[in-house]
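Got some structures for you, see below.
Each of the next two complexes has subunit A plus one more chain, namely subunit B in the first and subunit C in the second.
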Partner chain A sequence: MAEKTVTIEIKRQASPDASAIWERFELPWRPGMNVISAMMEIAANPVTVDGKETTPITYDSNCLEEICGSCAMRINGKARMACSALVDNLEQPIKLEPLSKFPLVRDLQVDRSVLFENLKAVKAWVPIDGTYDLGAGPTQFPQQQEVNYPLSNCISCTCCMEVCPQFNEETGFVGAATIAQVKLFNNHPTGKVLKEERLRALAGDGGVQECGFAQNCVEVCPKQLPLTNAISDISRDVMVQKVKDLIRS
Partner chain B sequence: MATTHQPAPTVRPGVQPLRAGKGNSFFFRKLHSLLGIIPIGAFLLEHILSNFEALKGPLAYGEQVRFLNSLPLVRVLEWAFIFLPILYHACYGVYIWIRGKSNVVYYPWAGNWMYMAQRWTGLFAIAYIGYHVATQRFMGADLPEHPGMAFAKVQNELHNPLILAFYIVAMIAICWHFAYGVWLFAAKWGITPGVKSRKRFGYVCAAAGIVICFMGLASIWAFISPKYADAPIDALAPAAVSQLHAPALTNR
Partner chain C sequence: MAAPKIIVIGGGLAGLAAVIKIAEAGGTVDLFSIVPVKRSHSVCAQGGINAAKNLKGEGDTTYKHFDDTIYGGDFLANQTPVKQMCDAAPGIIDLLDRMGVPFNRTPEGLLDFRRFGGTLYNRTAFAGATTGQQLLYALDEQVRRHESEGKVKKFEGWEFLSAILDSKGVCRGIVAMNLRTMELKAFHADAIILATGGVGAIFGKSTNSVVCTGSAQSAVFQQGVYYSNGEFIQVHPTSIPGEDKLRLMSESARGEGGRVWVPRTPGDKRPVNSIPAAERWYFLEEWYPKYGNLVPRDVATRAIHKVVYEHGLGIDGQPMVYLDLTHIDRATLDRKLGGILEIYEKFVGVDPHTNPMKIFPGMHYTMGGLWVDFNQMTNVPGIFAAGECEYQYHGANRLGANSLLSCIFGGFHAGPNAMAYAKSLPAMEGDGGAAQEIARQTELNNKLINNQGGENPFKLWRELGATMTEYATVIRYNSGLKKADEKIVELLARYKRVNLSDKSQWANTSFAFGRQLYNMLELSRCVVNGALLRDESRGAHYKPDFPERNDEKFLKTTKASFTGQPDGPKLEYEDVDIQYITPRPRRYDAAK
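Up next, the complex of A and B:
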């Protein structure tokens, strides 16, 4: 009986300036296989389906349990996490491509530092540094925790940005992930000290106003963050902040 | 020996980060959004209601046109609340469109389709409104001076089946654009921040959009229906009024 196999086509690019080529691999099927485990097997034996020896695939991954956010890529055309993409649920040949909206490093690896820059630009943190011991933070009530916890699940995978029609070089849109983190830290009893600064930051060019509400972000989010709710809430808060600033200045 | 040489800063390709607090795009985008509701949306409702008078015939329609043209500072109102807002909404809308990159081919989800539909209907609306304002407001019979000629002017226009089709498609496109635009406004101004509230409001907008669309299509029907096929050139001219609507006048 013929052995069951898995066919994977990978878009490869040796460097940011090199031209892209497709390579096809065939691996023996194993139960519970996912895209990352398949690429580990390719790394162990980097030979294409034509028998040509090649280099192992470069890709980001770490936790293999959809919690680190590293392994986002386009699988059969759609952005998703490779570790939770089970081979048995995918149409073959499985086509793997790097995310399209971030500078390519090599093969499936891209530079997603724009998200980190955006999080810094909106001060997505709780300021606790002082010249003296600030003591314990205020209590968060369970009701508040229930609103905040889903927002804290963001793994910075950038899938929401990849699928957003507004996230591109023309708009320089900040993307849903950052807006959701603004909501999270504005809700935080200590973090809200920076609320006004965050809202003013989000009214800058590329801010929350660039959202076209296509709602792809919330559809694709692997952690089911309530991204459209956050965009709606934060848009209102930004507007209120701008009006306040206008009449108080 | 250590050097102080630093590599020239490289401009990173890709999407640039947020320009925190910088620029005026927030104001211009929100102005675009607000103008779509007030005054443009409000005007659309007025226009559809006024056109609905056509179902009562040339005289009622002419009187409605005369009433609108008798409003104080009507030319100022027309420019400040209709032409200039629509012009801005159209120009900025095209600007929004050309900067967005639709990916509905890869992500064929409902919201993504409507994102694209909002852009196409907007473009169609620009083409239609440009044509409609040029031909009905600025060319041919001067309706502000002769409001009674309104019915015949529109009727004459809709005699051409191609133009009639253009009007019907434009009516549907504009009602869609308005109804979905109201929904988007509520979502993006934080009026409907919940999934359920957006869903419920979606039904409200869809129902309202269908109602105004049918009202608009009914008005178009009034102009092409055989009932008013012999409408006078000027329904408010003394001769036409006495000939066609003498009983109505004596009843007053």
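Up next, the complex of A and C:
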């Protein structure tokens, strides 16, 4: 009996200017195999199903435990993390493509630095006085922690941005991940000192108003962040802020 | 005088901690990282961070934390820096709290603490079971703030290749490679701090992230930095074996009451939940009544090995034992361990709320690393190190939840010390050796890309991993260690015939891997030869032929130096600082 195999098709592109091609691989099946271990196997034996020698796949990965946020890609059309994509749960041939909303680097690797720039723009941090010893932090009740912790679980994978119809060059929308971080830091007893600045950063073009409530973000998020919830809370806060600023001006 | 310029390599907890201190002190920092720093391996730490805050009315003190750490490390750690770390720990927790880490709370709104291995106190602060992620994010956010103020410049997607040393052997900067354009570039600095993490990749599969190859440590080792205690490798008792890696199952699972057991009958075929309590063997609780499931990792790992390989009681005859949480209510599990239970369910497909998890020991951490003095500086002036890549805080075995602490403490220490060093550094002559180092690295790159031969670097790596895992993890014999060294020498020879299937000059990951692989091979020799010469058993280093600790001969730090000769690294030994606590036998089966 022939050994059980796994068939994978990968969209390859040698550089941002090169044209894309598809390559098909047939690999020996192993129990517990995920998309990452399949690509590791290709690196050790870079030969396509037609026997053509090729190159190892370029893709981002690091922790392989779905906590670093690196290995987001489209797997059978769906944006998700490659490490937690178990081969046995996927329809074959498994089709791998890069995320489509970000500048392509090579193969399955894209440049997602826009998210980190967005986090800068909304000042997603607690402005502490310094790292010297200033004693205990503010008292916070468990009920508060239970609201903030899920928001703080965002792994910056950008899946929510990939699937958002509004996340494109036309709108300049910051995307759900950034808005959730605004909620997180505005909730923090010290972080909220920058609340008004953060809300103003989300008040104009590309801000929270661009959200079209497609709800794709919350469905795709591998960490189940309450994203739509955060967007509606922040939308409200932005509105209030706009009114306040109008009265003040 | 211009502000000192410091380069930090690595954006995990230790690197970010150093960056923050330098930025605060008015220095300028270039931060280099292979991955965007928010994706560093520190995110994988799960269970928590230790500090004797004594918020549970147990009479815990920083001195007890210090004693547990030294005892847990089997007296191999220098005591002065460990004591400083434990004394600083409560302040570090407060700082992290102020930065916004969503630590779990008590009903009164104070920090909650849980128990971890190797201690009898609730000393571990935690944010669910993703504490490393939460700590890393807090520091990442502070660094982003400094970055937006122009004090920090990030070079993400650059890989450190080597230090630039001037004619006097003083570090003047680094050579790094852009992982997209593959361009080599020299960067000047008055001092550099390596915070480049662990070495898991030399064991093939481990709980470490992909970037944890030890390549940077090995590069500076080959430039003259001592590598210390490389033989001390922590094998975590509870990992989830996988095709691509071993996934960590946090010690906090046992900290919250998880119990390790096997069926008393070999190959018991009954469904696991129908096996009655009397027919389950809770071997850790039986062998170590005082610490139970929370013995230190080396002890738990050897116990599991013994049950599986000597008693033949692995589940279904496989190398696996149960880690059982099913007796704990769902709400508590979700509140305190949610993140790790989700990982288990996602990757194994079984719900750990209702079914015991199947786990087995896996390579996890290196206690050894670059030799540093008490100021975190290596023996090469201007090269500092902090975090897992240096050797200083854990002796022969690290206690759970001490690594996040040592990373942050080490980084906090290295940053200001590098600044102080830089301020008194004499001016550089000429280019400080930059052109020469660029030429050396260019030649290495050219060699690798032009090599003709039949070797695939990923296959060589698999062979290295299999060898290291077989001979240099839980149980070590001198015959096996010799075989391992011979194998590494063979792989080094075959490395010369590596033929990259990708010779392009754009985002070529196999090229970068090829460079790392050579360094991994050289570093592996430190681990193997250190273990070979240390004829005793201490902490994680266990030789059945030498089952006792031998303080007379081996209460010493191993220092390996690179020779470039076929015989491998030269080893020498240095006395350990034991000025506070007199070494005593380390036994967890009896009172301390």
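The rule we apply is simple: the second predicted complex is superposed on the first by the 241 of 249 C-alpha atoms of A that agree within 3 Å, B and C clash if a C-alpha of one lies under 4 Å from a C-alpha of the other, contacts with A are read in each partner's own complex, and residues count from 1 in each chain.
In this section, contacts are C-beta pairs under 8 Å (C-beta built on N, C-alpha and C of every residue); 3 or more make two chains touch, one makes a residue touch a chain.
Predicted model only: the values in this text are computed from it and were never measured.
Per the definitions stated earlier, placing subunit B and subunit C onto a shared subunit A by superposition produces no clash, and the two fit side by side.
Of the two partner chains, subunit B is the only one that A:G172 touches; subunit C does not reach it. Of the two partner chains, subunit B is the only one touched by A:V238; subunit C is not.
Once the two structures are superposed, subunit B and subunit C can be ranked by residues of subunit A touched, with C on top. Within the superposed three-chain model, A:A203 lies in touch with subunit B and out of touch with subunit C [touch as defined at top].
Within the superposed three-chain model, A:E53 lies in touch with subunit C and out of touch with subunit B [touch as defined at top].
Contacts of A:G32 after superposition on the shared chain: subunit C is touched, whereas subunit B is not. In the superposition on chain A, contact is made by A:N62 with subunit C only, not with subunit B. Chain centres taken from Cα atoms put the angle at subunit A, between subunit B and subunit C, at 160 degrees to the nearest 10.
Of all Cα pairs linking subunit B with subunit C in the superposition, the shortest spans 11 Å.
In the superposition on chain A, the residues of subunit A touched by subunit B in one structure and by subunit C in the other are 113.
Remark: subunit A residues 16, 77-78, 101-103, 111, 113-114, 117-118, 121-122, 161, 163, 165-174, 178, 200-207, 209-216, 219-220, 226, 228-229, 231-239, 242 touch subunit B in the complex. Interface of subunit C with subunit A (complex): residues 20-21, 24, 35-36, 38-41, 43-44, 91, 94-95, 97-100, 102-110, 127-128, 130, 133-134, 137-138, 141-142, 144-145, 147-148, 156, 180, 209-211, 242-245, 247-248, 335, 339, 343, 346-347, 349, 412, 456, 458-459, 462, 501-502, 504, 506-510. Residues of subunit B touching subunit A in their complex: 12-26, 29-30, 96, 98-103, 106-107, 109-112, 114-115, 184, 187-195, 198.
Every residue of subunit A that touches subunit C in the complex is listed here, in rising order: 14-15, 30-34, 36-37, 40, 43-46, 53-56, 58-70, 83-84, 86, 105-107, 109, 112-113, 116, 119-120, 123-128, 130-131, 133-142, 144-146, 148-149, 152-153, 155-156, 185, 188, 190-191.
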